[in-house]
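Got a structure for you, written out below as structure tokens; questions coming shortly.
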Amino acid sequence: MLVWLLLCSASALHAQQPVGDTLRSPTFGRRPPPVRGIAIDERLAVDLRLRVGDTIQIGATAGAPTERVHIAAVYERRADPAEVARREYRVRLHLDQLQSLLALDDRVDRFAMATRGGAKGGTTDSAVARINSVAFGFRAHPSRAVAVASSRTFRVVERFHRAIGIITVVASAVFLLCLLLLSVEERRRDIAALRLVGLSRTTVVRAIVLEAALVAILGSMIGAAIGWIASIVVNSHYQAVYRTPLTFAMLTPGIFAFATSLSLVLGIGAGALAAWRLVRTPPLALMGR
Amino acid sequence: MRLTLATATLKRHPARTLLAILGIAVAAALLLDMVMLATGMSESFRSLLLTRGYQLRIAPKGTLPFDSEATIDGATAIVSALRASPDIKAVSPILGATLSILAAPIPSSFALGLEPVVQGDYQIVHGLDMRETGDVVLDGVASRTLLDRLGAHIGDTITIASGLDAQLRTSARSRRVVLRGEGRFFYVPDETPVLAIPLTALRTMLGERYRDRMSLAMAESRASDSASVEGVRTWIERTQPRITAISTETAIRQVEERLSYFRQLAFVLGAISLGIGFLLVSTLVTLSVNERRGEIAVLRAIGTQTRGVLLQVMLEGAMLTSAGVILGLGLGVVSAQWLNGILRDFPGLPASFDFFVWSAKAAWRSLALLLVSGALAGLLPAWRAASIPVARALRDEAIG
Amino acid sequence: MQPALPLIRCQDAVRTYPMGDAAVTAVRGVTLDIVRGEYVALTGPSGCGKSTLLHLLGAVDIPSSGLVSVNGRETSAMRDREATEFRLRHIGFVFQRFYLMPTLTAAENVELPMAEAGVARRVRRARALELLGYVGLGDRSSHRPTQLSGGEQQRVAIARALANAPSLLLADEPTGELDAETGVTLLELFARLNRDGTTLVFVTHDAVVASAAQRVVRLRDGRVVSDERNR
């Protein structure tokens, strides 16, 4: 249900009869009924320049009777990915006040329940089962099931990012292999000379692999630093665009460990392949003779 | 001769050349995908919005179509005023609501109240279109999803209801509907069951409050150029202060704003892949040129101009990039289909909307950019190689 | 009878080039005239400046001071573009390491200078085959350098050097990478070229090889120490 907010400045308020104040009320005409407080979200407060203490009129639809309320609090919305792109405003009222405003009598959209056993699966499931066995016209669902169903958008984005990640890793692997092979081949005469003076294949391979591993580790460090800076930029940008405290990008120790391990494996693999190609060729052939 | 020499040089190290081509192909594929993503959403959305030729959407003030549950009151007067305008060819009012389906495997369906003659929301794929007959039993057009979930077929009759009290199992109003046809609904997600019935019937079902309401309307301007459409839009907003008129361009801009993340991602990844492609070709050409300093010195000694050496080396870079781009084209189309399939899973996405859309112009432009950058990537190392004094290069080779 | 005008005139040529922090003077004031049709060997110990002098004579390098002219044109004053064009049309080069393009066939290697000079494909192909026949490799035109022996590769290099019918053929240690027997065969080819009218100047550190030439110019420490005729 929409709650239309009609902003009136306090000074322009009509001396209109507040809802609930009838002829038979002992305070009729002498004392206005207490003005109840509501909470509005930060976005609404900023856009309509509202502050705690301001008085406004709210109504269910345009043209419907309104109720005078004051702003008791301004709250920050949760970092919910499902709500990121939505630009709606939110307000919070006491349940009975909203029911009265919307002429809903004793109706609600849903209940939220906390069981004594907490979020343990067994306690919640048995509560859900007991409720559903006697429910008439409604059903109970564990919160985690609702979360799964409502997070589909987020999961699609996650899958997309994973796909992009896979493509990027494959591309990086190809580039790394290509560049490492080229740079090792460029030094083939040096390697041939080392082999001719007596260094074994194993020593040569070990040296190249070690070099590749060091390059991979150094590259990972630099990449992680760039990624960390990028995540700060991304978060500050999208938090401003979508006006949300949600964190969009995060570099965790786990991600860092995974990226470093992967680049190390790729680097060592590429180095080993490049080295193997060289050492299997006779040194004189490497010299071009 | 240059082509012969360039081809022979690339064939000299087949593994290296193949790997470089593969690297460039991956860069090209990624660049192509990002271009398709950057342009695809707006192209797809534009094509979706103009499916039936309606260039304007009319929604409750300050909202986007079906963005909220708000409806427009006084719909009849607004629609009449719009139809009276000589600049407007057609107006289709639409009311959306959720209706219960009695004695059915699924409890409810999204319902669209439409005027069949002017509707632009669906296309009949099987059976017949609905008619406004005034009969007690209504005509309806169902989506494939609704038919499957109901286990129903064209010609079957269902009972729809509004104001259902789940506890008392009573409804305020109910009507029987004959499913005359199956429709492909353009703006509704595939997984959402949809039933289209005549607008007047839906209004009646929803009660007095909705007697003269609509969720939105679509309007078609007689002149289709953007200036005329904008003129009509401005006129609508000026004469109808309680509604917002949105042109196709505005709607696309607003959707792009919401999906700006994907455009920005596309730009960043596209730029990175272009840079990587450049770096790869540049490195390959540099190493190749370094290896052939002696040959290049001899070419210069026997009379090849600096320009000739430059052209030769750039030609090698361009050939590598061309081969990579051709392979990348195929890879890019395949990966775009994969990525599009992932994003199409977004809930609430219209059935006809795609994220990755092939645009020949944009694709060729981006791949040409990669080709040019590949050729230029060879420029600096080639220039450095050709600029080394011949005698010094020959001397260095003699020492080496 | 008036003496023949020199094909190559070298007057007080000096060439100094930097080597790290120091400067090395490889050629110190060499004056040398070579007439058309001569067969000259430049010889001397390693590091005496003979290859540097050859580069100066062939317009590959520019003297730090002094004058070099070939065929009446002052090559020492030419800019790179002009010098390159001059080398293409008037000078043929043969190198110790052959420097054939390993990815091209023998015929294609010989065609290279002609392609650069803009000769039509059919014409240059015919001339390449003719030149390979001249050097005794008519049946090896489609072989790649890796399929040829050292001596055969050097003969392909000579054919390449003759591609644009130059007035002067310069060779830097042409027998350096060859065995003695192959070297002799090569020198016989040089002698034949000279008899057919080609002016030849080659560099060698081997006195025996040098003795195959008509005239031997000996260098030491960048200077000419003797200039003798063999026959």
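We call the chains A, B and C, going by the order they appear; numbering starts again at 1 in every chain.
By our rule, contacts are C-beta pairs under 8 Å (C-beta built on N, C-alpha and C of every residue); 3 or more make two chains touch, one makes a residue touch a chain.
Keep in mind it's a predicted model, so treat the numbers as computed, not measured.
Asker: Figure out the least number of contact steps between subunit A and subunit B, where 1 means they touch directly.
Answerer: Graph distance in the chain contact network comes out at 1.
Asker: So, comparing C-alpha centroids, which chain is the farthest one from subunit A?
Answerer: C
Asker: State which chain is most central when centres are taken as means of Cα atoms.
Answerer: Smallest offset from the overall C-alpha mean is found for B.
Asker: How many angstrom lie between the CA centroids of subunit A and subunit B, rounded to a whole number?
Answerer: Chain centroid spacing, subunit A to subunit B, equals 24 Å.
Asker: Cα centroid separation between subunit A and subunit C, in whole Å?
Answerer: Here subunit A and subunit C have centroids separated by 73 Å.
Asker: Taking each chain's centre as the mean position of its Cα atoms, how many Å separate subunit B from subunit C?
Answerer: Computed from C-alpha means, the inter-chain centre distance equals 66 Å.
Asker: Of all residues in subunit A, which are in touch with two or more distinct other chains?
Answerer: none
Asker: For a test of understanding, state which residues of subunit A touch subunit B in their complex under the given definition.
Answerer: Within the complex, subunit A touches subunit B at residues 1-2, 85, 88, 136-138, 152-153, 156, 159-160, 163-164, 167-168, 170-171, 174-175, 177-179, 181-183, 185-186, 189, 238, 241, 277.
Asker: If you look only at subunit B, which of its residues touch subunit C in the complex?
Answerer: The contact residues of subunit B facing subunit C are 1-2, 4-5, 8-9, 11-12, 294-295, 297-306, 308, 389-392, 394-395, 397-398.
Asker: Residues of subunit B touching subunit A in their complex?
Answerer: 13, 15-16, 19-20, 22-23, 26-27, 30, 68-70, 165-169, 258-261, 265, 269, 273, 276, 280, 283-284, 287, 290-291, 335, 338-339, 342-343, 345-347, 400
Asker: Can you list the residues on subunit C that touch subunit B in the complex?
Answerer: My answer: residues 17, 51-52, 55, 58, 60-61, 80-81, 84-85, 87-89, 92-93, 95-97, 99, 101-104, 108, 111-113, 115-117, 160-161, 164, 172.
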